[in-house]
Amino acid sequence: MSVFDYTTQPGFDLISETPNAGTTVDPKEVQLWFGPQHPGITGNMSVQLWLEGDTIKRGITHVGYLHRGFEKLMERRKFIQSFPIVCRMCVAEPDTTEYLLASSLEELSGLDQAVPEKGQWLRTLVMEMSRLQVTLMVMGGQVGTMGMGTAPNWTYTLRDFLLDSFEELTGGRVYHMYITYGGVRRDLTPGFAQRLEATLDRIEERLPYLDDLILNSAVFQQRTQGVSVVPAEWADELGITGPVLRAMGVARDTRRDYPYLKYPELDFKVCTATGSDIYARTQVRRAEIAESIHIIRQILQMMPQEGPYCAKLPNMLTWTIPAGSTYVRAESSRGEMGFVMVTDGSDTIRRVHLRGPSYTNAVTILERMLPGMNIADLSATMVSLQTCPPEIER
Amino acid sequence: MELFPKIGWTLLSLFVAINYGFLINGLIRKVMARIQGRFGPPLWQPYIDMGKLLVQRNSIMHGYMHWLGPIFRSVGGMGVYVLVPVVIGEPRLAGFSDMGDLLLMMYFMFFGSLGMALGAGDAGHPHSPIGVSRGLSQMTAFEMPFILAVVALAAHVGSFDINAIIATQQHGVLSWNLFANPFASAAAFLALLGMNMYAPFNIVGAPTEIPVGPATEYQNSYLSLMMIGRSALAIGKMVMFMDLFLGGAHSIGAAVVKILAIYFWSVFVGAVFPRFRTEQSVRFFLRWPTAFGVAGVLLTQWVR
Amino acid sequence: MFDINHGNLDDSPDVGQEIVRRIHDRFGDFPARFQKADLVRLDVPQKDIIPVLSWLRTETPFVQLTHLTAVDWLEDGQFELMYLVTAPDLMVSLHLCVRLDRAKAEAESVFNLWLQAETYEQEINEMFGIHFPGSPRQGVPFILEGWRDMPPMRRDFDTVAYCDRTHPVRPGREHQDSRVYVGRKFGEKGYLK
Amino acid sequence: MKKFDPDRPWDLTTLPTTMAPQGSRPHAPVEDQCFLGAEADIKQPPKLQEAVATIKNWFRASSLNVLAFGTGCGAIELRPLSTSRFDMSRFGIPGAPTPRQSNVFIISGYLSVKTLTRVIRCYEQMPDPKWVVALGSCTINGGMYWDSYNTIKVLDLYLPVDVYVSGCMPRPEALIAGFQYLMDDVKKGKANGWHHYLENLEWYRENQKQVITDWDLPNYNW
């Protein structure tokens, strides 16, 4: 089969560029593309809208602007070569995908017990820092979509101090490539704990002001309470996880339900809120910032200072992994992220698939929430659902 | 004063006012940046922007009505400015305030926005009509308390003539309408938040919803004209508020300071709030500010 | 939730063992592999997959479809569909794997059971060319636009050849294919088939 | 329109020498619809013209509005760049929400074919003169996506690039440095990729149509 043509495939006649094709177009409706070139869109995606005045009648999500074919590329690369590209799957939060790749490969090669104690602690530290920085970014972005520039400027700067810590630990600001097979790539630098502690203090010091600007602001409350409610019965049907689920009052968290790394030894609570609207999701994120800071402080205290941080690795050029399949999961800032990993005994991955929470959030949930929504709330809704396009299309 | 020298002085005053508007614009960007923890652009950045807009090419035109929109807008702004007396007892800076009254000024304020709406509607981009409808509904809402406040002051004086209203405020600070009629002032200053279109009332050009709203399709030279019109309108409005509520100004220095103070009232409010949706801002203006305006009118009657 | 024959699933000490036993009782002896405390893999024949999934969805706590994806086993001439069904309250997942004939790549849709399967099936249809009759948006481009070649995630789609054909590269850039490079540098020892 | 004159490199309206063949099209249809600011046929003494061009270019370089279009993963560093840590508005580089009001297009990383269509559309809607800053290794030669079927490898085959910023991903400081190069080039009148694009529109179109299979864009997007 050299050239694949859709027209020969069954179901070709179902192709329609517009939903409800064949129905007559309402002359009152205006068609509007929200994105990809739009300051209010999250990343590079677009929502095609049919508007009547300010009210959205219906809409479809279009993704695929960021598709690089990671899953195909990783099938072509040796295992160790997959590590540099896997972190590009989710731009804002690269450590989760790094961990997922490392841990799924370790599990399939039967070496998951070989990861040293300190390596596990460092992995936990990096993952939690990563969650913290994304949650800070989203907190600011949430109110930024509603036209306030002050809070995003503050939170982005706080996040930037965290990125400095990442840079010190891993050498990279955004893409860390830190978690590798068997452990992590580098040890802590001397004095890292104190500097990270100072950054955490700085964040904590600014949090009350952020509360006043965001959660306690009367305008923000009016804008968000009761807006974009995700019905509770969608939770199971659509497989919702993360802050969107916890804003419904359901205390489910991958870190606690499917314990991994050092999370069982840490003391943290699962933050929930009620209402399932944008305000509730912001409340959950606000609580998670404090919780993440608490977790990072614990990690810094409980982490062993000495010891190896990476297991002895096989020769990366001749390394093969026996055939098998698995699914590993981790809690990202958006919800449960998982890797389906299939190997076939050769030196490359047979198939890898990233299961991300944005997949349902951005397409299934968003499209079903659009009818009746005010166009002013669309951007805020997308941020509150944390629709992250690079994770949807990979 | 003779007509032609008067025209000359008014044009000169308008030129200075537009420049002052540019500087205030630069200062606002700087102050906003400092509130947000940034360094901010240089004070003269609006001038550079203006120069750049004039030397860029325009690549598209949507018909003459579209082109006339910014002109209407600038004419509206300049019309407001030439009708307000800037410094008391200085005929060279009084403009044509003896020839028009508050009603004409409010006509010019409407005129600019309506002309802009007409022009923007021609652009053909969906963002423009959405922004226009948002802007007009919000404008209708904030005009309500503002008109009530103006009516309260005019009823107190018995005239819509702005010079007469200034004249009643020349008996010390407490005779300023800000203190003499606090209800009307509250209504008018809340309406000013909507007029200046800073958050929470910047729904018209909300970048994350309908990027720049009515002005979506406007390009370089159109934008520069709109910048000029906006400066003139802003200074005209501030001078009008100064004359109505802060007792006018006896010198240019006092005028500069009072204009700045009135302007920054809305800037500081805008720095700490997200924006309302259209129906929320309409509801806001029709609730407390309107009640204040009615109370202001009643207060005037009671004082009489 | 409550099964008359077996009692409540929540009470059993090992949910994975228990649910596999019930599936075996009800549908047949599918090979099962207990991989982790929270993951059981079941290889289900194609005719049984929809009954198993509907039973799981409607009568057990396995109510969430966590993901749906496909693997191309080119050597066997088969596709494999992997459904991960999760019981969020019991914290156990079932990995249900189905082999399809590669020549007649068609599978039944689970859109009626889970709304979100619509997107997964749309993507698999685009990326693998597996058709799900009855699922909405089959054949509607999801990620790719104007794609005229074979579905890119199939194993026989050669992405390097496609790039050479379609995307010009800057003069001077060499292809560093890992296998070729390792083979050149380390000889046959480093070159693994 | 004038041909490139090496004696007058300050003039933005003359042609640079880069990789595309020259003169495949005499001029793109700017003159038909250019409403204001067409300066082609104004007769002025060269000295004065040079001085005017210098002033114009200074204005252009000091106020660069960046189009808000995060085309790739480099977009995540644009927010830190515009917020308080690396405040780029102090150089007169604010963001612009629509293509009509922007001057600089930051291509923040790899371009998938689907995005390339939108990027071309937005680029052509921007008013002249306009500049393109390309971020990341993947815009230069494909980077780590050299074998990806869905991303283009060499950006300047499809769009005229004025400044490349290498790295994956480039730090905000690197982007600021790139902007300073761009400002210098604009001030000297050397950054005229936009004009090159108009001159060689057919060549660019040919390249673009090679990867965009279902071409449905108009001849030129106004």
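Chains here go by letter, A, B, C and D, matching the order in which they are written, and residues are numbered from 1 within each.
Operating definition for what follows: contacts are C-beta pairs under 8 Å (C-beta built on N, C-alpha and C of every residue); 3 or more make two chains touch, one makes a residue touch a chain.
Since the structure is predicted, the reported quantities are computational estimates derived from the model, not experimental observations.
> Write down the pair of chains with the top C-beta contact pair count.
A-C
> Give, as an integer number of Å, the spacing between the C-alpha centres of chain D and chain C.
43
> Quick one: report the Å distance separating chain B from chain C, using the average Cα coordinate of each chain.
Spacing between the chain centres: roughly 62 Å.
> Using mean CA coordinates as chain centres, what's the gap between chain B and chain D in Å?
37
> Which residues belonging to chain D are in contact with no fewer than two other chains?
68, 83-84, 97-98, 114, 147-151
> List, in ascending order, every residue of chain C touching at least 2 other chains.
Residues 143-145, 147-149, 152, 157, 159-160, 177 of chain C touch two or more partner chains.
> Can you list the chain A residues in contact with two or more other chains?
Residues 38-39, 64, 67, 69, 72-73, 76, 153-154, 157 of chain A each touch two or more of the other chains.
> Write out all the pairs of touching chains, ordered by chain label.
Applying the touch criterion to every chain pair yields A-B, A-C, A-D, B-D, C-D.
> Which residues, counting only chain D, touch chain C once they are in their complex?
113-114, 117, 140-142, 146-154, 157, 207, 210-214
> Could you please specify the touching residues of chain B with respect to chain D in the complex?
That would be residues 29, 33, 36-42, 45, 48-49, 51-52, 54-61, 207, 211-212, 215-221, 223 of chain B.
> Touching chain D in the complex: which residues of chain A?
Against chain D, the touching part of chain A is residues 36-39, 43-44, 64-69, 72-73, 76, 84-85, 88, 91-92, 137, 152-154, 156-157, 159-160, 163, 173-175, 390.
> Inside the complex, what are the residues of chain A that reach chain B?
Checking each residue of chain A against chain B gives 30-32, 38-40, 51, 53-54, 143-150, 153-154, 157, 213, 217, 219-220, 222-223, 374-379.
> Can you list the chain D residues touching chain B in their complex?
Its residues touching chain B are 30, 33-38, 56, 59-60, 62-63, 68, 83-84, 87, 89-90, 92, 94, 97-98, 100-101, 103, 125, 127-129, 222.
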